[in-house]
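Residue numbering begins at 1 within each chain, and the chains themselves are lettered A, B, C and D in the order written.
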Amino acid sequence: MEVTLLIEAMDSSFRLLEDAKNQAVDIMNSAVRLTSETRIIEEKKLANIFKGAQSRRAVLQNVMATFVILFGFWVVLSGKFDLFHLTLGFICSLVISMLTHNLLFANVRVGDIKLTIIRFVRYLPWLIYQIFVSNFYVAYLVLSPKMPINPQIIRFKTKLESDISWVVLANSITLTPGTITMDIKDGEFYVHALAKKVADDLNAGEMEDRVAHIFMEADHIYVQDVLDVSPIFGVLRKGI
Amino acid sequence: MNTFFLVIGIGLCVLVFFVLYRVVFGPGVFNRIAAISAIGTKTLVIILIMGIIYNRIDMFVDISMVYALLNFIGTLAAAKYLEIGGEK
Amino acid sequence: MIRKTDDIIIRTVARILVPFIQIYALYVIMHGHYSPGGGFQGGVILGASIILLLITHGLVETTKKISERAIAIFSSIGVFIYAGIGVLCLLLYGNFLDYSKLSVILNVTPAEARSMGILGVEIGVSFTVMAIMISIFISISTTEDHSKYDKEHY
Amino acid sequence: MNAVSIVIAIFVVLFTVGGLFFFTTSTIGLLRFPDFFTRLHATGKGDTLAVLFSLIGIGIYEGLSLTGFKILLIAVFMFLAQPTATHAISKAGMRCGLQPWKKEDNRK
């Protein structure tokens, strides 16, 4: 009798211990979970604050850059350097740079801006030469009595990515001989060409390569890149 | 020199009259818009030449710039309006 | 409802041009007493720049920058500035818009006071012209249903 | 009239007459070409170079000053705006279903 009582007592005590242990584990687990949750929340809050500061910093940078450009433009337009007009210009360019800070620098690509500008300036003489050729071509077509044109629409998919390079490519196509950009849908250019020869010239893709070279897009090796690197290579070889 | 610029200005005015044929008889709205845009471009140069003839080019250059701006915006607005009309 | 264009070329060119057009418009307004132009012309260019933004970026994105409520407020502020300067001259024993009487308040010579008074009036006029142009454009383009336009007229 | 001013006058005449010539060809193209898109070829290209030439001529006549810089500014603006306007009109025409002229059909 006493033995069974003893055994039961021991059983119940074991069960109690077991329950206590489970409860303790549960409490510990929930405590761990709670701390980790709070930590995540804290981290998220910190990250939000950090991101907000970062975006505010980006906005501030944009406003400053726009302000500098617009103030320079104002001084050039105004041509008066007394205090009254400079103050007016300061206020005006400040207001407009606050209003339009996300327009001028909407999606700037990360890259070497100085090199891009230098390459763009080097691209301009070629473009002006192309405009000359195109105008003489149109003049020849207009003044020849039979007017040998054979219009056709060609379409090609471009490999360029950013919007600025698209603008440069489309406007260059419009200005070069015998072609105008008609439409752009999902990265496909629809080009209206005046003759078969002109269309073949465009399909060869020289202009696209040049524009890609300016904005350093599309993984191609260009002659100009090799030429850019060659002086460095020459110096290295001399050192050896 | 003034006589030379006068001759150039008169030549441009004659060209504007030729373009006016496209504006009046051009088949469809689009030919008319293209012709009006071309007239605007010629007018811009005519205004500058008028400035040289009247010896007040510092004044006329502002007017010419405003003309170029409004010509561009007007063409874009007309193109946008017709494009919306074209989509069903 | 003015939709934004799906053409990336026109959108990019417009977004590069708009700040320069606006600073040019303010230049025309502020230099109205030396060169041609002034309040009305500058206001028209300012309104045209916002209209360029409207036809390229759509109504929603533009009203984030300058809401329709702000446009209504601008149009009344412009009239208030114009009439306020005129009445201020009346109160100083002058005629309506007699700027030289303002020299008592501004503490300058009458000639400079006249120049500043003209500048203030021009700013008022330009505010009103800009706001009225934009509100006319918005109310025209949002009420009519363009889809009913028939295709024969092209 | 010394030598420098004569050279300047020659350049002014050369550029301005070149501008007038390209304006003329673009106008004749606008009148002669058979359909809308080919006419845009004439106006879009011809007018850009013609305006550039005329503005360079007037800018040389005006000399190096604030006004000359503003004329240069107009030239840069036209260089950016004219192809964009051409593209906008041609896109609107294409979306509205204008058919481009082909060599086979003989309608004028």
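Methods note: contacts are C-beta pairs under 8 Å (C-beta built on N, C-alpha and C of every residue); 3 or more make two chains touch, one makes a residue touch a chain.
Note that the structure is a prediction, hence the values are computed from the model and not measured.
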- Identify the chains in contact with chain A as well as chain C, in label order. D
- Note on the structure: The pair out of B-D and B-C sharing more C-beta contacts is B-D
- Measuring from the mean C-alpha position of chain A to the mean C-alpha position of chain B, what distance in angstrom results? 36
- Query: Just how far, in Å, is the C-alpha centre of chain D from the one of chain B?
  - Reply: 11
- chain B-chain C separation of Cα centroids, rounded to whole Å: 24
- Averaging C-alpha coordinates per chain, one finds the centres of chain A and chain D separated by a number of Å equal to 32
- If you look at chain C, which of its residues touch at least two other chains? 7, 9-10, 13, 16, 24, 151, 154
- On chain A, where are the residues touching two or more other chains? 77, 170-171, 181
- Message: Which positions in chain D are in touch with at least two other chains?
- Response: 26, 40, 66, 70, 80-81, 84, 87-88, 91, 93, 95-98
- All touching chain pairs, where touch follows the definition stated at the start: A-C, A-D, B-C, B-D, C-D
- Using the touch definition up top, name the residues of chain C that touch chain D in the complex. 7, 9-10, 13, 16-17, 151, 154
- Item | chain D residues touching chain C - in the complex, by the definition given at the top | 80-81, 84, 87-88, 91, 93, 96-98
- In their complex, what parts of chain B are in touch with chain D? 1, 4-5, 8, 11-12, 15, 18-19, 21-22, 28, 30-31, 33-35, 37-38, 41-42, 44-45, 48-49, 52, 57-58, 61-62, 64-65, 68-69, 72, 75-76, 78-80, 82-83, 85-87
- Task: Flag every residue of chain B that touches chain C in the complex, lowest number first.
- Result: 28-30, 58-59, 62-63, 65-66, 69-70, 73, 76-77, 80-88
- Task: Spell out the residues on chain D that touch chain A in their complex, using ranges where they run on.
- Result: 21-22, 25-26, 28-29, 32-33, 35, 37-38, 40-42, 44-46, 48-49, 66, 69-70, 80, 83-84, 86-87, 90-91, 94-95, 100-103
